[in-house]
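Structures are listed in the sections that come next.
Look at the two complexes coming up: chain A is in both, with chain B in one and chain C in the other.
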Partner chain A sequence: MEQRLVNTWRMTVNEKKFIESALESELRIDGRRPFDYRRVTIKFGRFAILREDGSSEVQLGQTHVMSFVTSQLVQPYRDRPNEGTLSVFTEFSPMADPSFEVGCPSESAVELGRIIDRGLRESRAVDTESLCVVAGKWVWSIRIDLHILDNGGNLVDAANIAALAALLTFRRPECTLGGDDGQEVIMHPPEAHWVSNHHVREPLSLTIHHLPIAVTFAFIGDENMVIDPTHHEEAVMGGRMSVTLNSNGEVCAVQKAGQGVMQSVVMQCLRIVSVKAGDVTSKIKTAVESYNTERALKMVKRHAPPSKAVDVSEPGQKAKQILEGQKLKSEECSVSQSDDMDVDQVHTYIHALKELTHLRGDVFLVSKDPYSEGVNTDELKATLASCGSVAVPMKLVNLGDSIRDETKSDEPLSDVNPVSSSTDSAGKETRCC
Partner chain B sequence: MTSTTVSSFIDKPVVPGDVILDLSKMTDQTLKLGGGLQQDQDAITVVQAGILRFSKPNKYWIESSHKRYIPTVGDTILGIVVDQRAESFFVDIKGPMVAFLPVLAFEGGTRRNIPKFEVGTLIYARVVKANTGMNPELSCMDASGKAAEFGPLKDGYMFESSTGLSRMLLSSPTCPVLEGLGKKLAFEIAVGLNGRVWVNAEHKSSIILVANAIMNSESLTPVQQKIMVERLLDRVN
Partner chain C sequence: MEYVNPEGLRLDGRRPMEMRQLRAEIGVVSRADGSAAFEMGNTKVIAAVYGPREVQNRSQQMNDQALVRCEYSMANFSTGDRRRKTKGDRRSTEISLVIRQTMEACICQHLMPRSQIDIYVQVLQADGGTRSACINAATLALADAGIPMRDLVTSCSAGYLNSTPLLDLNYLEDSAGGADVTVGILPKMDKVTLLQMDAKLPMDIFENVMQLAVEGCKAVESYIREFAILLKKKMGPGYATAILSKNGGSKS
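And now, the complex of A and B:
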């Protein structure tokens, strides 16, 4: 009993009265006006050793939420044999708020998870069909873990932003079908130092159609309404409404608890949310973009050393072999769907170049890659640059043509010592970037 | 009597394990140790990270900033009434245990006139007992039995900060934040050493301004504090 008294955070009568009366004159305790949002800071995790993608940390004022996205190959549900799964898990640490208890998740933890799950899943924001590997047998299961690190109020919005940011940066390892019967799933490791006898391939990002943004309102007193309530305001509020909306203005989910509100108020909320959702979306996008650029730059550095190793051993024969294989593949690709031709060619070209850099001479056949749309242009550019191509055009549309040119220019690779020269140029390129 | 030896660590940051005094060389002295220090045979060692403070003639203690408060006798604190029993009120003081405030510990308190506080009342009180393993005891009287300034605080706004910030606000000379704000605004303030600050003023906007200025000043140097307060006041006027 007594320990419980110590652990529960409580509010004084003074605070309660002050928050209510200050709102009458449109004032809030942190100096905001009723419809101001707190500052959002999005950071991406670089602390995990093997998996640096798919983790994010979001700060919304004092609120601090960390999110991890992980994937696993599982059997699909019977009724949806060709769809991957998406699940949300929440973790409320007692460090964030003494009222959170260890062990069974509290009501608010379940509610938070449900709101985010609903916003993401029922609006079909994440393309689950592209997560299918073998229909009825293997699909990717995406798991989002949300850790509340500090509770400063409005956990729903912060957790939602964290989940989206983590999903946007998450990349799953590419896998293809192989083996004797063509049914064996081959996982391609994302990095060369992973212990695996399969080819290294760039991991794939998820296909995300739109970003459902949650915005929370608190209803305090009879008529007052605030956006993005703090911890203190949440303790005073009579009701709450979370609206999940995407930047197109489509309502994905609504969650309302507590006192009743007028229809007109709900409509007013929705209008405000549509503006705020746009702001938050652009914030998330800029953060993700800068992270992707950084990652692409890092890739350039990482790929440089192994390509130097090429001229130590005998490169001529293998390079020739690869290039032949590559020509073969590009022919094959041009036969395949003409819509994706550009992208596909880029893709096959990259594989060929990568093998060249990693001295893997064996020719392999690539089946038509269903995920080629998911390939990040930044990564493409980076990989091309790192493999010694001369100038990479900025637009994906032009990539196909220029690569055809480059293939010609790179053809005399089987000469005396061509790889080292291309490596040098690659080094210069990198510095220019 | 030998001349008094003073630790060379005074007003410097210390960490647990630091030996601030060697008693073997100073036989005839009496020392008073405050929070964060421990006697270990002939050595006085630090058990808590913070800044070593010294007060003449012989008091030593460690000052640090925490979000949790460890009660010390004589501290003035802001508590929140959690529960009422026949003998005492249970008061939350941000410590490891709830504190007891005896119903008779008010000026002129008798069995007949027991004060009534609803749960959530903010009380300015003094710590009178703080023994390990026991609930600390508070009092709303000063040592001579007068109410002084102690008692419930009405209206205004209370916010929580760290113990270090409270100490800064109470330090003399007056800290730049309060001095700067006091020049332009009229407000009442009560600072509890347990990291709670209560502010009251005529206008709600000034309460908000003062509260936020104080909360922001935690990690600022005196010069920065001055600049911040000036900017805030400029924006308001």
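And now, the complex of A and C:
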């Protein structure tokens, strides 16, 4: 159907007939059954040099999609003065498929962007009102870039998962209003920066109300349909339908054209999608959760100067003790480092800590950073130096070790395998199947 | 905002299940092989079909079927606000693609190998449902050009506002942010070929709204058929056989 471009790879009649006739007996060329989904792998934070948050890489069978979310302060649209904006851009790399050409986006690239855009924006999945800084003046503009690295079929689903994963891990810098007239926007850097003298604040993640999951069907021959078509099946199909559904069973977007199907078949597809969407949602959530855990761990480690051991035995007392510790330390800090210390920041760390204790069950606080043995000391020094002006109240270390041990023992159960190397920030990878 | 008042009337005075007035005209572009104008209330579009003719770009030629191309454009004066739309923006590219795929589903492409059919649709007045109106106009224009078709394609939209399913949304209702379901059907085969949907709807309500849109498509179909019968009387028995034949055309 789409095979109309110059460099298009064309399938032989025999191959087409084979796919069609095999489907008659519910067989697909890659060994799946008609309603089996391919394996999804989600990776995060591959661009540590630029920024870790808000990037994802999704592998769906052979299909490989990369997504990157960025933000910028812009003027809002005149008809929506108090809403941020969200836009989707697609890039079909010519190396991904012989039919992708260099230059302006092709029809299918535009369609892909529009399907994902509709699923996210029209269903109000991302809370755009919380992206407003000054109504009518400054709002955050969120841009999702989707790069197709390898086309193994079903780009819509893969790109949709990539976009969601990137949005879920994206964090924008916090900004407040200040200045003489109270209208000046002050950006708070996520880390202490020598050019900025503003308070350091933890960047904020987006408010996402629900996850619209796209699931694609291909209609092959007169009767047959398959879920998650490969590029071979896409070359044979007469029509395609992409349904975007969230886990509440609400239809967020539908795109279907080409070969006609009965209305009852459409509804049957929708019911199948509601099951599949649940699976995919949980996969994305597990992946994002383990990424966040790791991120929190790293934050704690990075900002942790060596300190005395505090042994926490009872979970109930934990938070209390920590809080007390925080207060003490924050007072200390405010004395020693002027007013660089921020109450909000303390809360952020307490929050991170709570998350960890919640995840872990019990926490051991030790006197010496045991990581320093396995860590490049120069690098560590540099990190500490760069955080020098950040008053960090946390005296927590060695959370990673214990958590890592536990996850290992859980591995067969959870399927999630955070490759947690404390120093190698690029190596975060979560695998689910 | 109240889109359905307590008396059960919509902003333009229609009932929730009522369509706007339909009007069709054929032969509006003299140089084209087939052309049609289609109006749904204040939405007005024209479609022109050229072909089957020789393939312009040889590399696109297909040896087993005809190449179908489609271009959708909106006139600058078609909307209320004076906005200069760049040609080939993302929205019109997508609509062009969708119309092309929909028309491909009904054209007997295998009967015209190594040839090309061009469909041009232009929106003159936009008041919601331009996509549907374009598909209806394109069907008529294809029939006017005498291109063999399996069936008519008719299209209609439906929405859901104030917890009421509404048929054939106008611009105000369309931009209200509620759901918007555009359906295109092949009436004789009773199959859905085009299905597009925005916004968020629970599945059971979606089914109702889609059903309503399908009913709308059937109403459009009966209008187009009546129109074609009238034309046939005027133009002679050979006219528009593709869309009037009882057996549903030839199937591939």
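Observations
What we mean here is this: the second predicted complex is superposed on the first by the 292 of 433 C-alpha atoms of A that agree within 3 Å, B and C clash if a C-alpha of one lies under 4 Å from a C-alpha of the other, contacts with A are read in each partner's own complex, and residues count from 1 in each chain.
Convention: a residue touches a chain if its C-beta (ideal position, glycine included) is under 8 Å from a C-beta of that chain, and two chains touch if they have at least 3 such contacts.
Values in this document were obtained by computation on a predicted structure and should not be read as measured data.
Once chain A is used to superpose the two complexes, chain B occupies space next to chain C without a clash.
Once the two complexes are laid over each other on the shared chain, residue contacts for A:31 go to chain B alone; chain C is not touched.
In the overlay built on the shared chain, the residue A:11 is in contact with chain B alone; chain C does not reach it.
For chain A, the partner with contacts to more residues, out of chain B and chain C, is C.
By the touch criterion defined above, A:21 reaches chain B but does not reach chain C.
Contacts of A:188 after superposition: neither chain B nor chain C is touched. Between chain B and chain C, the shortest distance over C-alpha atoms in the superposed arrangement works out to 8 Å.
Residues 5-6 of chain A contact both chain B in one complex and chain C in the other.
For chain A in complex with chain C, the touching residues are 1, 4-6, 107-108, 110-111, 113-114, 118, 122-124, 238-239, 241, 245-246, 248-263, 266-267, 270-271, 274. Here chain B touches chain A in the complex through residues 80, 82-83, 90, 92, 95-98, 118, 120-122, 153-159, 198, 204-205, 207-209, 211-212, going by the rule given at the top. On chain C, the positions that touch chain A within their shared complex are 59-60, 62, 67, 90-91, 93-94, 96-98, 101-102, 104-105, 181, 185-186, 189-203, 206-207, 210-211, 214.
Within the complex formed with chain B, the residues of chain A that make contact are 2, 5-6, 10-18, 21-22, 25, 27-31.
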